[in-house]
Amino acid sequence: MTANTAAETASQTATPRVIPIAVDTGTAYGRPAPTHRADLTEVGPGSPMGELLRRYWHPIGMVADATDTPRKVRVLGEDLILFRDQSGRPGLVYPHCAHRGTSLYYGKVEATGIRCCYHGWLFDVQGHCLDQPCEPGGGKARDKVRQPWYPVQELYGLIWAYMGPPERKPVLPRYECLDVLDEGELLEADDSSIGGGGPQIIPCNWLQHYENLVDPFHVVILHTQFSGTQFVDQMAVMPQVTWDTQEHSVRTISDRKLPDGKTLHRISEAGLPTLRVIPSPRLGRFGRVESLGWVLPIDDHSFRIYVVGRVREAGELRRMRTRMNGKLWEEMTEAEHQKYPNDVEAMVSQGVIARHSDEHLATSDRGIVMLRRLLLQQLDLVREGKDPQGVSFDPDAPPVHFTAGNFLVD
Amino acid sequence: MTANTAAETASQTATPRVIPIAVDTGTAYGRPAPTHRADLTEVGPGSPMGELLRRYWHPIGMVADATDTPRKVRVLGEDLILFRDQSGRPGLVYPHCAHRGTSLYYGKVEATGIRCCYHGWLFDVQGHCLDQPCEPGGGKARDKVRQPWYPVQELYGLIWAYMGPPERKPVLPRYECLDVLDEGELLEADDSSIGGGGPQIIPCNWLQHYENLVDPFHVVILHTQFSGTQFVDQMAVMPQVTWDTQEHSVRTISDRKLPDGKTLHRISEAGLPTLRVIPSPRLGRFGRVESLGWVLPIDDHSFRIYVVGRVREAGELRRMRTRMNGKLWEEMTEAEHQKYPNDVEAMVSQGVIARHSDEHLATSDRGIVMLRRLLLQQLDLVREGKDPQGVSFDPDAPPVHFTAGNFLVD
Amino acid sequence: MTANTAAETASQTATPRVIPIAVDTGTAYGRPAPTHRADLTEVGPGSPMGELLRRYWHPIGMVADATDTPRKVRVLGEDLILFRDQSGRPGLVYPHCAHRGTSLYYGKVEATGIRCCYHGWLFDVQGHCLDQPCEPGGGKARDKVRQPWYPVQELYGLIWAYMGPPERKPVLPRYECLDVLDEGELLEADDSSIGGGGPQIIPCNWLQHYENLVDPFHVVILHTQFSGTQFVDQMAVMPQVTWDTQEHSVRTISDRKLPDGKTLHRISEAGLPTLRVIPSPRLGRFGRVESLGWVLPIDDHSFRIYVVGRVREAGELRRMRTRMNGKLWEEMTEAEHQKYPNDVEAMVSQGVIARHSDEHLATSDRGIVMLRRLLLQQLDLVREGKDPQGVSFDPDAPPVHFTAGNFLVD
């Protein structure tokens, strides 16, 4: 490196003299500190979105996760312990023993509940204290003690929890696309965060992924032009897109003119509160949506995805995990992540929580605007003391039906 | 996994219709955020408990820890440097050189003190500045500079520091049970946190361990029923327990009816301010307590334990470290820690600082209530400008005597 | 270890009785919590020093760092992306895409700029939006969008950025000592933080290093008496030192009487705003200063150093990295770092930001006082709306000249 290259000299000579002719515009100097929409993103107890999300059932584990070995789970910013008593009942409890706070993670599971390791207090799956072995008579006042707990149910291979106000507990919903199986299909559940494009636990706010569901355009750029065709050639065609708001979802309708003159008519939905109703982008079979996913906010800064789908053989869901450059996400080097970004890179790099004040939304982001509006309406309902859309208290209600699917039109 | 198992269908059918018959009670929803007793737990400069603890001498290292290689120590939230000048005097000083703040950890120890590596200022063990080699005449104003320091003494194989107001400095106490040795006994010191049941530095507040000293019941549950008999069979018997408050301790008196008709009469004490006066739970020999331990708060979030005991051969103390499933704590897997919890798991999982607002104390926790009351009385004394119990200004006072021990009664 | 050693008994016996004769003075008890000079140290947007530093050009990378693989850089507390478009223009932009915030670290570099991986928005090196491929017509309103950017220039093998108010952008300075090469010399740039004595990124505030430049005395203590002669024997002689303040630097003039009767007359400078104008302490050649360094504050808690120098063969600068005990810094064990401290140990151990309230400056620190005064004057100028010293708006101004050098005087 020598002091004066020709290029440098030229560039210096080109500098305007004494008084600059033009002042730079649009530089990063002096821009305001970015902020995020706390109302839409933060999920802890007492926060507006946290209260809204607590009005719904959420999947918090696989059926097999509840065993006689207590398991730590974190949901909506709360640390909890999941277990299954020896009678087969799943339980989800506050981790710190009501007595003196030792974690029930170290507890022993018995026929009727979980026993704390420190002084042996025993709690059933609803937090009732059944024994206090160091107290006279096993604890004459033990009925006054309650270990905080949450109701859980098992369905579709998942364990579901309701963490909201007890008097607002809705019925656990069923879904038509999971209840009605075609010939040769079976149901499978998966907890590897299929659709997230990365690790099981994704280190950014859940809303960044949820909004991605109403964004069909990134498929053409991120999943095709940048990182190679991740799905199938047909998805690489730039679609004509419209959106509409349904009773409890925002639908994205994408039409792609295919080379053979046909049209790929694709409907996907972002359902309340966190549902992924996304037909397979691999277009294996046309017709109604094959799987549902639920985005679970672990806390404000991370989320994971549970999926249940109709498959033809066991393990089919897990094999759907994206490979980039032939590798699973965790097998890639940093250089490969940079060169072949996927959803997880696009979203996590928006920030742990995206900087909403810096956004410049355009016409292709209309779905995001509509989804935020739908969420804001639900926040209003809850604030007004009402129930949000998409909850039902009728155990006889028919299963929820979605119109999502991939359809071939002549 | 198929969509409709018989069990799931049954559980759905059992759900009450339209209007639920019963609303869940005692769930974790809406519980207040937990809080801790700051007055009893936090130890930094200026905090109530920090000021109380600073009225006593604390062991801050083994005699062998003070050498001509400066050593970092952390005590009551303060970072300090321990060294021994080449004349044999131990010193404990503020780490940042009074000149420009470089750490004396990088200092060179000389005959008369420690010299900073940056500009060579030399300080003796009382912080007097003896040399400023870059100043004219070695620093004509060097007498005006003082490196902050704390007085230390050596006793029982430990180095003791007094970190409180100088005018309140008590006499370093001596203890009868360490001063009077039986035939064949020798004194040994240990810094491996014997009694903590885990690593040398335990990552939770010191009070959680200190309170454990007046809790004889967890021996029967945690140390026997959960993790297998860690001590001896006799300790597995559920004791009859009473507590009393002495001048500067809370005593726990546990009586166990043994199979042979005799009674194991066991007295242990939690002494002011952080003393473990716990007779061996291994019951090797009956009679007066064999060792003393001091719980040293490193800061609000971690502590360690120094122990001095009368032994019959060197290394006896260290061999007392608990083994679970045949292994030392640091050799165990996470699954083993979960399956064989020890004191450290019980306490650390209470939280970095226990959630006192969530506690439900019972009759078996009377000792804890009494110990907190004793501590609160000391906080009051200090706040009123008085000296707390358990300090003495009389160098001729007899050694402190404890009544703790294991005794066999017919 | 036995209970009563002779020494301990003696020391106890020596304790004064009942009422202590003397109370300890100067202990660490009750000292106020230390504070730092925020105005002189903190560099984030909007802070006084941050605004002052933003009035100057700073080196933010090597010319070779700007490529078609986007690179993360952090400067003055701001995260930025450095790249070079396929036409050869370097660009420095805000990382989060103006559209929806995905990082341009995952962007694709093209002939005219960088394209975001998520929806393909394309920006040139001045942040103009050139394409929005998912919008109708490539984005009819794309001219209203600007990706925040900073102007950069290339000189002396480095990439320079101006991050201040656009209307105050000065001319990028040139330096006589780098523009005028002696016979056989060539110019070389280095980013290994030569002069820092440690790793490339040094985990403490930049001011601690900058102040070190006007401190010639530590050479005799730290670099000689403590860690062995790191430079040459002549530098071990205690110098006679004077300082003066120039138009935009503080000069240190050190005279050393050498054994041969000659005098080593050495002038070094700390230039505004972060310049190291330090003649080689290895005294290879006498005469004017051979290299310049720039201390780059990465943020309040870390900095790095870029150096450009006249050398006789490529790689000469890099070979100047200090070895202690024969090893490079990163090859040393913790014990070796403690035994052979270097600048980095002396400075980092002052604290992430030095505790200025604890300082005791002496006559040998006069240079530091003068340098702080020079900085405070610049803070005043900026606050008053004026330009600080050392910036020029005249592209025809002659290169900056320094008087620094090593000179042998009879």
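Going in written order, the chains are labelled A, B and C, and every chain counts its residues from 1.
FYI, contacts are C-beta pairs under 8 Å (C-beta built on N, C-alpha and C of every residue); 3 or more make two chains touch, one makes a residue touch a chain.
Everything quoted here is computed from the prediction, not taken from an experiment.
**Student:** Identify the chains adjacent to both chain A and chain B in the sense defined at the top.
**Tutor:** C
**Student:** So if I superpose chain A on chain C by CA, what angle comes out, to the nearest 5°?
**Tutor:** It works out to 120 degrees.
**Student:** Using mean CA coordinates as chain centres, what's the chain B-chain C distance in Å?
**Tutor:** Here the centre of chain C sits 44 Å away from the centre of chain B.
**Student:** Residue numbers in chain A touching 2 or more other chains?
**Tutor:** Where chain A is concerned, no single residue meets two or more other chains.
**Student:** Using the touch definition up top, name the residues of chain A that touch chain C in the complex.
**Tutor:** Those in contact with chain C are residues 1-4, 7-8, 11-12, 15-20, 23-31, 33-34, 215, 217-218, 220-222, 225-227, 238, 338, 341, 345-347, 349-351, 354-355, 358-365.
**Student:** Flag every residue of chain C that touches chain A in the complex, lowest number first.
**Tutor:** Contacts found on chain C: 45, 54, 63, 69-70, 78, 80, 93-96, 98-103, 105-106, 108, 117-120, 126-128, 132-136, 139, 141, 145-151, 153-157, 163-167, 169, 171-172, 174, 178-179, 181, 186-189, 393-396.
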